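In structure tokens below, several structures.
Okay, so subunit A shows up in both of these, paired with subunit B first and subunit C after.
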Partner chain A sequence: MVYMETVAVIFGGRSAEHDVSIVTALASIIKPLELTKKYRVEAVYIAKDGAWYWDDKLKDIKLFTSGGIQDYLHRAQPASVQFDGGMMLVKASGIAGRKQTRKVDLVFPAMHGTYGEDGALMGLLDMTGIPYVGCGVSASAVCMNKVLAKKVALGCGLPVSDYMSFHKSFIERDASTLLKTILKRLTLPLFVKPAHLGSSIGITRATSETELRNALEVAAHYDDEVIVEEEVPNLIEVTLPIMGNDQPKPALLEQPMTKPEDFFDFDTKYLQGGKKGKGTAKGAQGYSQIPADLPKDLYKQAEELGLNVYRVMGCSGIARVDMLIDSKAKKAYFNEVNPLPGGLYAHNWNKAGVSNVELVERLISFAKERHAQRQSLATSFSTNYLQQF
Partner chain B sequence: MQVIVDDLLTHYDLHGKGKLVVLLHGWGDSAKGLAGLQKELTVQYRVLSVDLPGFGSTQMPKTAWDLDDYARFVEHLLRKLEFQQPYAVIGHSNGGALAIRAVSLECLQPQRLVLLAASGVRTNNPTRRLIIKIIAKTGNAVTLWLPRRRRQALRKHLYGATGSDMLVVPELEDTFKKTVRQDVQGDAAAIDVPTLLIYAASDDAVPVADGRQYHSLIKGSRLEVVKNAGHFVHLDQPDKTVALIKEFLA
Partner chain C sequence: MISKLTSLYRPSYAAALIYMLQSTEYQIRPYLRWVWRTDDFSGVMHRRTLERTRPAKLLLAALSLGMLVQIAAGLLLVYLGIWHNLTGGIAFGLAVLISYPFIWAYLIVLPLVLGRELIARPKEQMLLNESDAIFAKHSGIKIAVAGSYGKTTMKELLTTVLDEGLKVAATPANKNVSISHARFAANLEGDEQVLVIEYGEGAPGDVARFARTTHPTHAVITGLAPAHLDHYKTLQAAGEDIFAVADYLKGKHVYVNGEANAAKPFIKSSYNVFDRHNALGWKVERAHVSLSGIGFVMTKASQELELHSNLIGRHQVGYLAFVAALALELGLSSEQVQHGIAKTKPFEHRMQPYELGGAWVVDDTYNGNLEGIRAGTELLKELKAKRKIYITPGLVDQGEETERVHQEIGRLIAAAHPGIVVLMKNSTTDFIKNGLKAGDFKGELRIESDPLDFYTNLKHFVAAGDLVVMQNDWPDNYA
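Take a look at the complex of A and B:
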């Protein structure tokens, strides 16, 4: 019998993007992985309270859409994970107190936002020493902090729009002074964002001082760090999914079909299927133009910028780089990086000629390649340091 | 859009230009339920529709609230958005009861008030209240042996069958109890704002009799009964409802 590698898809988590993660895992990862018939796929769900569950029943989207997950969580026993010599899933089998176990060969993280996409899960997986799909600890942590990501990009000479960042305590302590400071340096309209959240959660476009004050409070409600960015004039928003390790390859530049005042908030992105109130397609697939309708040189400029951002952030596996283009000045600016794009941005990869099955297979192969590279690195060396004591 | 009001992350929709009109949805509903009405009115007015705490995308209140708390919340929302008093307030169902209470407390001081199938007449159906009470007490005793979740599901089903909204949002059970205890007929009697009452002929939840009661209490009010419509009169007969409101606000 041919040995089938066990791939654990980890999703859910203690994040505001918990629900988006469920759709990413079930629709864009588990289903195509099972279609390959090469892997034993284990669904590992982290509930909102942080408890882990491992069960084939968790592969059924209806369990989540029907609300049946609450009853399931009430009945099911959480699973545990052992890290001795790799990663082992453990749960009660229901037969005479026996345990059911499964050794995991590779992890496919499908987590968005905090405690998952931000490097926390990657740190845990690095400790186990098993390969996993996507960006590593440091790239994930930098990408998921919009302030840090901008600083890295700026440090590497990549263009970013003007911005300021503040700790929550500044906003709570003296909002009036803060407003004056911001408006002295930046010009309305401004985008106010929580520094660490994705999926457009907590983002406001402020066009007046009052809106700015309220927007700061909203962002600080979600995060302890807030970023305020100047709007790029004559704006065209584009996003570029990229895949690979040392030689990253882009998919197609994608252009959301919105006006600046109608920017992608969470509802537009995930609940309305596109342009507000007019979307017909469900989810994130129906809202944009692929490839973006840009002059050739501007398309090339944005693609280059996206690839450069991917490299300087140290991304591996997959990521998506968002950029802002001033169409009159013909200049592209880096906006942010998403180290695990919702749904892997499979719709874009499909248009670029990569099927969902191919996409997950390539990602697994990149994960193994990076793991092999890391295994070859020296992590210890002999010294006589202790003997000197 | 979002704003922090009373330390709660609050979602609201604001569209249009002109005099401010505030929409207040009913129990278990949200701003989305009034989106059609909002869209029609934005042609002439600036229309603010808010998800009240515990509904839609607005956070749950941290304690059990009554109508007074909700009224102050709406007042604080307007202040936060730096609005003056609205030209008109339109409240549906429990949002209507809230509007009456808010006007009475002077949290809202509109020039026009529209009550769509407004609840808040709490004493006119003692038989129904008695039935619900008997079912509740009996149900509690009979289902004690059931697991908590099963018991909760059964309770929800039974309350729904009696037409009670108490467990529509289970987390707001205590808030619901406080709210439905508040009879706003006294507040209605003190209203001196031009008021349009729109009730649906086939409304099982809030009968036309409640509309008649308010009509008798609110001086100079106008009562319109819309045929072939249920409790969500603005959804069942949108054209008729919008036409009545537009004419009244003009």
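Take a look at the complex of A and C:
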């Protein structure tokens, strides 16, 4: 009998993007992985209260869409994870108090936002010493902090739009002074964002001082760090999914079909199927043009910027780089990086000639490649330091 | 093992038996063969479920009642055995109880046989006698369409194009046996200028009988290939039956597809042969094929006719050219012919292209013969794509030719150089694999055990730039 590697897909989590994570895991990861028939796929769900569950029933989207998950959580016993010599899932089997266990060979994180995409889960997985898909701890932490990511990009000479950032205590302490400081340095309209959240949660476009004050309060409600960015004039927003480790390969530049005032908030992105834009299809695929309709040189410029950002942030496996283009000045600016694109941006990869099944298989192979590279590094160093005490 | 055995005693067992009858069109032999082959009845209704038509409901009610009576009789015997010391009551009662699924799997065919012999057959015979007279009296041109493959396509092409200038009636969908012809005749208005009648051969003597009852004036033979060999046994026997319509017409107004190699030994000098290069004296040139259709030019003396059809596949050129040439012979103008040909489009599941996640899929799942496979693999070879994928479970009803035909299929697939071949696991898979090996196939081979699951999830396997040709699909009773 052929040995099948066990891949644990971890999704859900204590994050504002909990629900997006469920769709990413079930539609874009678990199904294609099972279709490869090469892996035993285990669904590991982290509920909103942080409890872990491991069950085949969690692979059924109807459990979540029907609201049946609440009943399930009342009845089911949470699972636990053991880290002795790798990673082992453990749960009560329901038969004579016996435990059911499964050794995990590889983890496919499908968690967006806090505790998942920000490097927290990656740190835990690094400790287990097993391979996992996607960016590592440092890249995830940098990418998920919009302020830090801009600083890294600037430090590497990559173009970013003008911005300022603040801790939420500044807003709470003296919002009026803060507003004056912002408006002295930056020109309206401005985008106000929580520094760590993805999926456009908590983002506001402010065109007046009053709107800016409200926007700061909204952002501070979600995050303790807030970033305020100047709007790029003659704006074309583009995003570029990228895959790979040392030699990253881009998919296709994607251009959301919205006006700046109709920027993508969570509702537009995931609930309205891009109704504010021109797209007609439902869900996150309906609001954009692939490939983006840009002059060749501008397309190339944005693609190169995206690849450079991917490299300087230390991304591996997969990520998506968002950029802002001033169409008159013909200049692309780095905006932010998403280390785990929603749904893996499979719709874009499909158009680039990569099927859903190929996408997950390639990501697994990148995870193994990176793991093998890390395994070859020395992790111990002999000294006589202790003997001196 | 236990779950297989318990599947006989589940409440859904009765519905499964009626579903099997329905799926085999209430034919007793295929039904019984399916019953003998099946060891887990819980998986029978895999692709579809029982369609609750009136006959199905009646049969299900009869079957359920019969089973309940037997269960009650068994329980009564056990009761009498225990409480009234009936000799052998317990043993016999248990035997009656245990045996009901087996007994009723066979007893259910009894009402079918009786119904068929006592009600349906006499009624059908009456209808057939009436239709014989209707066809004989009808003054229109009666075109019989016969062949192992391509009949429905030819019938639809003739109907679409001739309808541009003549009043045409054709047998509906794939209704192509005697009783369908009779029902078709009963609905005729009498003033039709052309009747197109499809002959669905299934066993020796069928086509000769259809010819005697429908009185054709013209016949088109679309091709000959191994099909229904479980009844015909040999290709020669199938050919003899199909060409019986040409004998009926004494060779006059007989048109034969010259691209059907197997048909060549049956062709006589009086027959008109057409192919992708010539049709009824017209020369066919400059044919080009793409996923948006076929274009070609027909020339005869100083006349030139440029045609475009939405059908796909080079193998359609001969059919289209013949239909255009016949339409001109029957008095249609060039414009009418051009318009008619432009209206022709792929039929459902027959070389029907559609886009899936940026990939192009050619759905030819209704194909069921080797020549169709030849056409599909030719198309795959001819069209450009970043990645080519070919999917098939193989062919059914190939009788003793099964191994040879499937090895040939493997060679044809290999010659089209697909990057990926997907086969559905069944009795023919190894033969196709041997053919792929003989054809030096170097791509990826996937064997799928659940066709339905694979077809349902096809979107996960394809991406932009892919070309997928999907041929043949086995219904539940073959899987």
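Simple rule for what comes next: the second predicted complex is superposed on the first by the 385 of 389 C-alpha atoms of A that agree within 3 Å, B and C clash if a C-alpha of one lies under 4 Å from a C-alpha of the other, contacts with A are read in each partner's own complex, and residues count from 1 in each chain.
Note that in this section contacts are C-beta pairs under 8 Å (C-beta built on N, C-alpha and C of every residue); 3 or more make two chains touch, one makes a residue touch a chain.
Please read these numbers as outputs of a predicted model, since none were measured by experiment.
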**Message:** Quick check on the superposed pair: does A:D71 touch subunit B, subunit C, both, or neither? Answer first, second, both or neither.
**Reply:** first
**Prompt:** In this superposed model, does subunit C or subunit B come into contact with more residues of subunit A?
**Reply:** C
**Message:** For A:T210 in the superposed arrangement: first (subunit B), second (subunit C), both or neither?
**Reply:** first
**Asked** When the two structures are overlaid on chain A, which partner does A:H221 contact: first (subunit B), second (subunit C), both, or neither?
**Response** first
**Request:** Have a look at where A:A352 lands relative to subunit B and subunit C in the superposition and call it first, second, both or neither.
**Result:** second
**Message:** Is A:P32 touching anything from subunit B or subunit C once the two structures are fitted on A? First, second, both or neither.
**Reply:** second
**Message:** Taking the stated contact definition, name every residue in subunit A that is touched by subunit B in one complex and by subunit C in the other, in rising order.
**Reply:** none
**Message:** Can you tell me which positions in subunit A touch subunit C when the two form their complex?
**Reply:** 31-32, 35, 347, 349-358
**Asked** Residues of subunit B touching subunit A in their complex?
**Response** 1-4, 9, 80-82, 149
**Request:** Quick one: which bits of subunit C touch subunit A in the complex? Just the residue numbers, please.
**Result:** 357-358, 386-387, 457, 459-466
**List of subunit A residues in touch with subunit B within their complex** = 70-71, 74, 202, 204, 210, 214, 217-218, 221
